[in-house]
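I've put the structures underneath this note.
In the two complexes that follow, subunit A is the common piece, with subunit B as its partner first and subunit C second.
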Partner chain A sequence: MAPKSSTPASTNVVQTLWKAYSDHTSDRLKFIDAFLFFLMLSGIAQFLYCILVTDYPFNAFLAGFASTVGQFVLTASLRSQVNPENKNEFKEISPERAFGDFALGSIVLHFFVYNFLG
Partner chain B sequence: MFFFPIVALLFASAQAAILTLHTPKVVVTSATGSQLRSESISLTQPLSTPVTLGKTDTLKLTFQIVEKDGGKGVQPHQTFLRFYDETSGEEGVQPVRVTNGGKAKFELNMARPPLSLPPTSDAPLKVTLMIGSPLHSPLKLELFDLVVPASQTPPVHPEEPNFHPLPEIHHTFRPDQKMPPRPISAIFSAVVVAPWAVLLALWSQVIPRVPYPFSPSILPFILTLGAFEALLVWYWVGLKLGQALSYGAVLGLVTIFAGKQALSKIGDNRINRK
Partner chain C sequence: MVQLRSLFFLTVGLATRLYARSSTGDSVLVIVEPNKQDNYSVFFDGLKEQGYELTFRAPKAEVPLVIEYDVPSFAHVILLASETKNFAKDITPQSLVQLLGKKTNLIIALSSKQTPLSSLAAEFSLALPPPGTPLVSYFPEREESPQVIPVSVQPNSIISSNINPVWFSGVPHSIGNNPMVVPILHAPAESFASETDGGSPDALVDASERGGEGLWAGSQLGLVTGFQTLDNSRVTFVGGADVFSDEFAQKEISKGVPCGNTAFARDVVAWTFQETNVLRIESTTHHRVNATEPSEQYTTNDRLVYTAYISKYDPKTSNWAPYSGIKDLQLEFTMLDPHIRTALLPVSGNLGKYSVTFRAPDRHGVFKFVINHKRKGFTYLTSSMTVPVVPPRHDGYPRFLSAAWPYYMGAISTSIGFFLFSALWLAGDSREKKAKGHKAE
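Then we have the complex of A and B:
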């Protein structure tokens, strides 16, 4: 196989992947994916701050980081349950039920995060 | 009948012979042998000036114990010299050897002091002679005041510190943690808020189709979800836990009903669309 450095072949692979993604993913799923990407960025930013500068209000760091991680998990599970292509995996869970679970889980997560934020 | 032995004892003691001293004399000699002081002690009062002993001096006390009437020498059962310190209250009692004829000699050598000598303080030691005998009435004579060289301080008991207040404990605490300097805080605040801008940019490109968000069956659900978030922010800002939980319970009931209604409506729409 050709080496995986920045050869035109590998950039082509990335471009093809991106094209396939944007063509075949519905808008709703892209909406959720944008949210997931945002959560990942936010978590990375907070973690970088904790490592590089200080973890002085440690409870605040834990609350913020846990909120991003927890929300990411909830949103990822919502996405997988709402995706019509996974309908066979989740026969008993309708998309509405998935959203209800997501809403409840998010509220509980937010409650604990606000508790810990201080 | 009960009092008879006591009365007899008192009677006997009233008739007991009285003891006295014959030629009591105190002599202080130095280490070289020269006599520093030599006095006979009066029986009615102690010596006017205290007897001072240096580190190498020797004190010698001689007397004879005789009966007052008759002058017969007596060897009493108990003959003690009491050294008493009035200021500190310490006392030491030294038995004195008395011969059969009543002659007694007591030597005090400061090079080897007897154990009964109490530790010194500012006041001189009062030396008293105490004689006790069942056949005679007791005798207590104040002889003289004695000044001895200062004694070494007594050794401190190993558990002495436990009987005094222990030294005060000074706690040291870890210094307070400091906030980072303001520019760094500002930069990283911008870094953490930046993902929101990214999210808004991405969302603006993929606005999904949301069917009938303002219809009366779906809107209450959205509003109650927003109300929950507002309650949580209010809890963070000022509310107490009990209040927040009770409000949340009430709001939760409302949300459940609104949610059931909204989600079933959406489900029907989805099925109908299919």
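Then we have the complex of A and C:
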């Protein structure tokens, strides 16, 4: 392949990283990663709105931001518990149990968020 | 002879019923030396014709008392005893001020002699010249003595506009800075206060060399001045009792032109005895814009409507008629300082009604609707209504703030994302199990 006009080394590194990621992660983990990416975008958007425009109903900002951050944390822990490569770390926790914990934690998080949203 | 004449006037007055009545009462006490009483017969008959009941008393007589057990005995008092130095025990400057505080109106005549009443005038910001210096004017040329002076009358809110010049003899006074003083008649520009024997021309020359200092002269001097107290009682200081005398009333100003003394006295009495320029606030109400009854309390940022009804006394019909002629009435919505100060405008089509709509300020607290309208010559209008203004209740705030929509959308999208994710995850799980099951078989 002919070398690229922009910095070839960094572009190659990013491409290799992406290729390795998409080859070696299972579909379900990629699905979780897509959800995590969406949550991160949502959180960043709310944070930028708070800084640049107004933080006027501050409780609403905290509720919305905490919603995305909390959901991110729960989904990340689901991903690490469900990943077959981590089976040795989580011997007593089956994937189903992990998903159950994830669902329960999320419900409680959403309850708090909607109460604080005002 | 005089008794017959007054009897005639009384019957004529009763028969024709043409009188202008005072709004505070008809009983008048006249304190005058008995031997001088006949000099003022025209004036007294005019008063009786207007409907006043006169009671005469010598200055040293003990009865009738002006005030008894803190209750004034008469609605109005005229003191024409301007040269008496010793009064009865109940006529002192302090008792006269007490009468004013109890809403009795006074007409007080001054003279160039030093009496207890001269010090009273000083309490009302009117400074008298030294004793023994009446007003003197050598212009216009006339046969009368220089101390009998024709004074032209400038119309103002108290004096009607077409009164002939008035004969005056007495003392001037200088008018102080008090806003409650209402000047009625000013001295002519060429007059000055000086000793009766001509004095020494040196005094005049000295004073003019010092730039007029110490010289009581000019049109800034007042001859008849009124004062309206904060209780809305009125007192008029007249520089000399001769303004009311028969002799001056019948004197002509010039050939064939009668003087204006009777008409002037009529107008002065009408103002002082609360016939003219008398206003009052009938009632005031307040309510929210779409309500009709006043509320116990209002919320911040409420739109409020305040209404005042004001009437003016009509002396010819003796009753109070609604009056929409006040153009600069003002309302203050005050908590320590006026938060709102707005014009209270008359409502067209509704005589006597003044109304304004405004938004209560964003501060909570105890506010007052205050009307404080003081104009020279008119009754002072004061009114104050206290009303609490509370912050909104916990459910009085807007439910969804438009500034917070990004946060609402963030929280909702997270919830929707979570539900979709778990639905798809479980669907993928069951598909994997089916595949595993098939593989196992």
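To be clear about the criterion, the second predicted complex is superposed on the first by the 112 of 118 C-alpha atoms of A that agree within 3 Å, B and C clash if a C-alpha of one lies under 4 Å from a C-alpha of the other, contacts with A are read in each partner's own complex, and residues count from 1 in each chain.
Note that a contact is a pair of C-beta atoms (placed from the backbone, for glycine too) under 8 Å apart; a residue touches a chain by one contact, two chains touch by 3 or more.
Bear in mind the structure is a predicted one, so any value in this text is a computation, not a measurement.
Chemist: For A:38, using the defined touch cut-off, is the partner it touches subunit B, subunit C, both, or neither? Pick first, second, both or neither.
Modeler: Once the two structures are laid over each other on A, A:38 reaches both partners.
Chemist: Touch test for A:71: subunit B only (first), subunit C only (second), both, or neither?
Modeler: The second partner, subunit C, only.
Chemist: By the touch definition at the top of the document, which applies to A:60: first (subunit B), second (subunit C), both, or neither?
Modeler: second
Chemist: With both complexes superposed on chain A, which partner does A:112 reach: first (subunit B), second (subunit C), both or neither?
Modeler: neither
Chemist: Answer with first, second, both or neither: which of subunit B and subunit C does A:18 touch in the superposed model?
Modeler: Neither: A:18 stays clear of subunit B and subunit C.
Chemist: Given the touch rule stated above, what does A:99 touch, subunit B (first), subunit C (second), both, or neither?
Modeler: both
Chemist: Is A:30 touching the first partner subunit B, the second partner subunit C, both, or neither of them?
Modeler: After superposition on chain A, A:30 lies in contact with subunit B alone.
Chemist: Using the superposition on A, tell me which residues of subunit A are in contact with subunit B and, in the other complex, with subunit C.
Modeler: Common to the two interfaces on subunit A: residues 27-28, 31, 35, 38-39, 42, 45-46, 49, 53-54, 56, 99, 103, 110, 114, 117.
Chemist: Show which residues of subunit A lie in contact with subunit B when the two form their complex.
Modeler: Contact set of subunit A toward subunit B: 26-28, 30-31, 34-35, 37-39, 41-42, 45-46, 48-49, 53-54, 56, 94-97, 99-100, 103, 107, 110-111, 114-115, 117.
Chemist: Quick one: which bits of subunit C touch subunit A in the complex? Just the residue numbers, please.
Modeler: The touching residues are 401, 403-404, 406-411, 413-415, 417-418, 421-422, 424-426, 428-429, 432.
Chemist: Once bound in the complex, which stretches of subunit A touch subunit C?
Modeler: 27-28, 31-32, 35, 38-39, 42-43, 45-46, 49, 53-54, 56-57, 60-61, 63-65, 67-68, 71, 75, 99, 102-103, 106, 110, 113-114, 117-118
Chemist: Could you please specify the touching residues of subunit B with respect to subunit A in the complex?
Modeler: My answer: residues 177-180, 184-185, 188, 191-192, 194-196, 198-199, 202-203, 206-209, 225, 228-229, 232-233, 235-236, 241, 248, 259, 263-264, 266-267, 270.
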